[in-house]
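Below: a set of structures, written as structure tokens.
Both of the next two complexes hold chain A, though its partner changes from chain B to chain C.
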Partner chain A sequence: MGPIGQQIKAYILQEFLPDIDGDELLGDTPLVRSGLLDSLSILNLRAWLEETFDVGLAGHDLDFDAFGSLDEIAALVISKRSG
Partner chain B sequence: MSPNHRSPLPVLVSVSLQLLLMLAVVVHYRLENRGFLHLLILVSLAFPVHALLPMSWRPGALLTLSLAALGIVLTPVPALLLFALGCGLIAICHLPLPWTARYGILLLAGLGLAWLRLGDTTPSFGLGPLGALWPILGSMFMFRLMVYLHDLRYGNLPSSKVWSLSYFFLLPNVCFPLFPVVDYKTLRKTYYNDDAANIYRRGSRWMVRGLWQLILYRLVYHHLALDPTEVDGGWRLMQYMLASFLLYLRVSGHFHLIIGMLLLFGCNLPETHHRYFLASSLSDFWRRINIYWKNFMAKVVFFPSHDRLRRFGPRWALALATAWVFFATWLLHAYQWFWITGSSLLTWSDVLFWLILGLLVVINVLWDSRPGRRRTAPRQGQPWAHRMRVLATFLLLTVLWSLWTTESLALWLHLWTTAPALAPCLLLLIVGLLLAAPWVARRGAPLGKRSLATQEEPPSHDVGLLLALGLLALLGRPQIQGMMAAQLPSRLAGQVATIGESLRSNELNRRDAAAQRQGYYEQLIAAPLDNPGLHALYARRPADWRRLDETAAWRPVDGLRRGELVPGSQIQFKQATLRINRWGMRDRDYPKERTPGTPRLAVLGSSHSMGSGVADDATFENLFEERWNKEHGRLESLNFAVAGHSAIEDMVLLDERVLDFRPDAILEVAHTHDVGKAVRFLAAALADAPNTDHRAPDHLATAHPALRAHLEAVGAAPGQARSVLEHRLRPRRWQILAAVYRHMVERCLEQGIAPHWMLLPLVGEDDNSDMDRLVDIAEEAGFKVHDLRHVYDGHRVDELRLAPWDDHPNALAHRLIAERLLEIWSLADARNRLPVFLNPRKLSRAQKQGGNLGGLDRSEGARENHANGTDDSNPSQ
Partner chain C sequence: MAGHRLHHHLATSVDRWPQRPAVEDVGGRQLSYLQLHRASLRLAAQLRDAGVRAGDRIGLCLPKSLPAVAAIYGILGCDAAYVPLDRTAPMERNAHIVADCAMAGILVASDQVDALATALDAQGYRLPLWGVDVEAASQATEGLFAEPLAPAREETADSAVPADDDLAYILYTSGSTGGPKGVMLSHRNADAFLGWCGRTFEPRPEDRFSSHAPLHFDLSILDLHLPLRHGACVLLIDAASGRDPARLAPLIADRKLTIWYSAPSTLALLAQFGHLERHDLSALRLLLFAGEVFPIKHLRRLLQQVPTPRYFNLYGPTETNVCTFYEIPKPITADRRQPFPIGAPCGSLEILLLDDGGRVVDGDGQGELLVRGDTVAAGYWNLPEANTKAFWTCEQGAKNDRASAWYRTGDWVRRDSDGLLHFLGRRDRMVKRRGFRIELDEIEACLYRHDDVAEVAVVAHADDDGVRIEAVLHPRQGANLSILQLRQLVHRHLPAYMCPDRFRVGGPLPRTSTGKVDYPTLQGAS
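Moving on to the complex of A and B:
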């Protein structure tokens, strides 16, 4: 997991999963499918991602697949920064 | 590490065995329809072959299999038509035009199809085989086109013709018009994204879970669900509401089967439902029930609309976007209803259900997102508080669900009047549980953190699953159930036998058989049964197998009869010739005037007496007449029966038509459905009275004061909602029937006509209590009663019924009835010069002497269960 992924992980652990051991949250751990993130969490996460990484996320970027795991969120941020 | 696409042989063998056992369960419990059975056989055969193919071949193999399923279930020509239409719609999505132009063309295509769909509901615009395909075509494209376009535009997915076709013609869709909204991107991304062995095991497990849910649904459907007219107090009302919610098990059972099947072919899709009866709040419920719908709404409605609403501030945007989701859900449920059933859906119950649910979820969401509150993942802490919230949510949903599934808002509100204290008690309980939950939470102890480890399917589960399936298949066998019952005391044995039979029964339960009324999902799932073409394809039922009132041999009439047979008409009805004579009887032609010296009998009744589905010369009425003429001399038997007639319509027919033919005797033929049918007819006649302007209330009032007394006693008046009228009249159904019978007997005796009455059992009917009571009522009214409840003894149901999908008596059953009737009346005739049953003077004298008429003892059968002295047991009250 790259630095962006690590930053996102730290935020998710702090905001949404305070009881979870960080070692358990891997890059491909399903976040939406396992019920750890829901649509409200995604809205909060979106605001934080836009602010932290200075990217603009449109409504159609916010489907559950794009936020399915840490790796996928990091990939979304990277694609937005580069494109 | 990349997932292993090859599956170890033991897993393939184990899953294949599980599929075989599932087949046994489906056969023994008669789950779903023949189309589903064919699909499951296909899946069981194809699964091991597909799993052994090289990875690059598998997507193509899945598509081939999906198209083969279309061909097998729908037959090749309709399947090709469906495929061609579908390809046309998919091609529009790929046109080299701007997105707005593609949306516009698709919208026009959709409107064109909707116009055709509307036309197809009108017989004059019938489009042949297309009529059968609407529910399937609608199911495949109505939502998936939206998702597909969205993902095509924004999904960054490589184009693939195979996946495009596979997505729309998904394997199990052909048997399940009500289908989860599978996401295109998810389908592509999850394809073999885990070890094949894990995916297959999970798929099989979900399918088994689906089968369990369908069996549980059967229990609820046959033993818990009530007709609203049966609700007469607090407990019954709670049972009614609870059952209406639990009936959703069928939808979740179907969805588990559907997604489980797709997992067997590598599509590692997420689960569709997650313990939705255990939701701890309404927003939690929304997240757990039909998860695919929630994701679909989030993708195409919630996130895009929230994006546009952000300028109003985060909380307003959240509230408005959530409200918009529920508005869209309501609209799209009506849209789904249209494509699957072909009719529109706009009811107050539907509007109110979505409005209330939406409002409560918006409040819930705003509460969850209030400033300072952290959005943490669900934890398993605070067990008592959690349980109280779960209970409160369940109760609230039970009430809301009953509102949604009850036929009308007026009826739902009326049901509460049977238990006026229940509404405030329930409300207090729900609010109390919700308020107490946080207080209890402070005393609760967390159970520990949630594990994030990816859940693998342990091989040991395979053995358990195989054993459970084997046991389930065994328990479904009637022989095993018989052996179990033999070991139990007789009372318990009877209950076990009844439960066993109901688990295997895919027939409508008493409320639906009587009224064909169900909730939103029940009706959507049953829609193929209402679509003659699709039912024909699923069950191999002939497409022209219709009700009499859908044919040219029936026409509506004014007055207190719904309709009559069209004089001089001739049609093929349920594959038998149905000829109507010039007087509107299903009979040979007779002069209206009597032939001197020839006694005349008039037969009244419904489809059983009219002879639905048997040839003109094979009805029991005709067979009896022919045999009597051969063996006893001349007799004219006139068949006035009309399919669908209630006893009230028979009474009116007697008054208005039958007496003109001056019969010597009438034979009113009844069965147990007649009890409820009279009340339903009366309620419908009163409800329609202002619209049809017929004489229903006046007629009843003047000709039948006994009926008027019942109508006045319950406050029934013309123009009230039919369902409410029916609910009010139902407790008096026996008295109303008794009044009708008394009137018929009085009219007969006034005219010197011998009134006879015959009880016919329904094919397969074995509940004696209603039959006993019916016989009592007919006898007390003054009819000469002939109880033929044992006429079918010694024959299996499938030997007697018209077809697997139609329980009317067939030619053999009619022959048995005719022979029995002949036997009874021949016995009497042997002792008298004139046929005694045609001689009212003798009948009257004999009745005065105690009801025994020359060997014609009224009952052939034992009557174990006499009606007790409840309010409505005595028809004279």
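Moving on to the complex of A and C:
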């Protein structure tokens, strides 16, 4: 996982999943599909990503198309920044 | 002359407004009153040919869509009752509901036939599944349900004994014994409720309603059936749009919605994430919310952003429909902290407060709220014990006479000197989140499925943003509990809104002197 992925992971652990062991949260662990993040968490995460990385993420389905896993979120942020 | 049945009212509306749009989806597709009515008649005829009888229960496992609304009226047109399933909940839970109310058949979206069939096989309950290609059916308009039903599985239902044919629908809510329980609502209940709504909110054919709640949630009764009695149009908001304020706000503006109804949590998200100031929401004339307490700070912000409509707080468990209401006075002062009242009883409903000792409270005072009247459900499907507990009557020996019995809401309320009711809390271990009822015992029952869990207690904490649920666990000796796995376990067996926010692993649970789990101590220890 690259630095952006790590940064996102740290934020998710701190804000939404303070009780889980960070080592268990892998780049491809499903976040929404397995019940780790709910829709309110995703809204907060999206707002944080937009502000932190200065990217526009509205229009991406909150559940699946971009927020499936840490790897997918990081890839989306990277593609938006370079795009 | 209209009868009191939901589909009779649709028939009356068709006579008056055949060409007006009745239902619209987010994609802009519409059914006129005539198209909706004809589709429902075609489906009813097909269902009857397939053996559906008056009093049967028919499941509905479809996304909210034009064909789903036609299907509801088609089922009702057979004098059968519809039972909406939660498509996003684990199928195992849905299969339990199917067997519990002994359905005679299910209309199911094609893409979920296999998952539902597998869960039903595991449950050991056999019945016909009729697949519906929702996307194709949404395009069909004139020809909706003209094609023969697609029997994904042709079987005879195991034990579908017809019930009272006035039963209109059954809504399942979280149950304290570890599984969901079905609230039986009759046409008479719905008719009394919708009649009150009509007199109070005066819908007009020009009105455009939102339908935000999923079909298995009781808010859907108002937003589907009320507009269709008054010639208005209802916009069906799909689940993906419904949870995203960035999509909802433009939808309300662009489709010129005039009446919005949802749980407060959705409105709170709109106020926080919807950028409402960028959108013209001036068409809105009524903003209705129900299902939970609306945190004042979010309500105040919403009112500042959307000042035009009248705001109403509607209160009532699924068992009573809405039973009290209160119009929010504007503006909300900056120093107000306490939630608004749940208000006064709707129409001719009677209410009663019972104190801790079971005595009736007169005048100002606190007590458990009991409700009686036309909108109150007859009881739970096949749960005689729950029915006995949920209904109260002051006349000895008349306990089974539902007509004169009072429904015990389990809500503790205060009546002020103006006669207005204020919600104070619950008598039991039920909480509400995003408008959904959650029995904490049901979450505990789920967590006990984990082999390494020795003891578990689930508690709820209320804060400014609503309710947070915490699971406190004590592992078996030598076991190392993975919180990630526990979260995944809950997600596999329960709807998403029931997943605890927090898990805490520790030593044996505190116990009272009688050996019961000491919940008050756990509550304070977080």
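As a convention for this text, the second predicted complex is superposed on the first by the 79 of 83 C-alpha atoms of A that agree within 3 Å, B and C clash if a C-alpha of one lies under 4 Å from a C-alpha of the other, contacts with A are read in each partner's own complex, and residues count from 1 in each chain.
As a working rule, a residue touches a chain if its C-beta (ideal position, glycine included) is under 8 Å from a C-beta of that chain, and two chains touch if they have at least 3 such contacts.
These numbers were taken from a predicted model, which means no experiment stands behind them.
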item	value
Chain A: partner with more touched residues, chain B or chain C	B
Touched partner set for A:19, first chain B, second chain C, both or neither	both
Those residues of chain A which chain B touches in one complex and chain C touches in the other	17-21, 24-25, 29, 34-36, 38-40, 43, 47, 58-59, 61-63
Residue ranges of chain B touching chain A (in the complex, touch as defined)	150, 153-154, 183, 185-186, 189, 270, 274, 287, 295, 298-299, 302-308, 314, 318, 365, 368-369, 374-379, 446, 449-454
Touching residues on chain C, where the partner in the complex is chain A	240, 243-246, 269, 272-273, 482-484, 487-488, 490-492, 496-497, 499, 502-504
Residues of chain A touching chain C in the complex	17-21, 24-25, 29, 34-36, 38-40, 43, 47, 58-59, 61-63
For the chain A and chain B complex, residues of the former touching the latter	15-21, 24-26, 28-30, 33-44, 47, 58-65
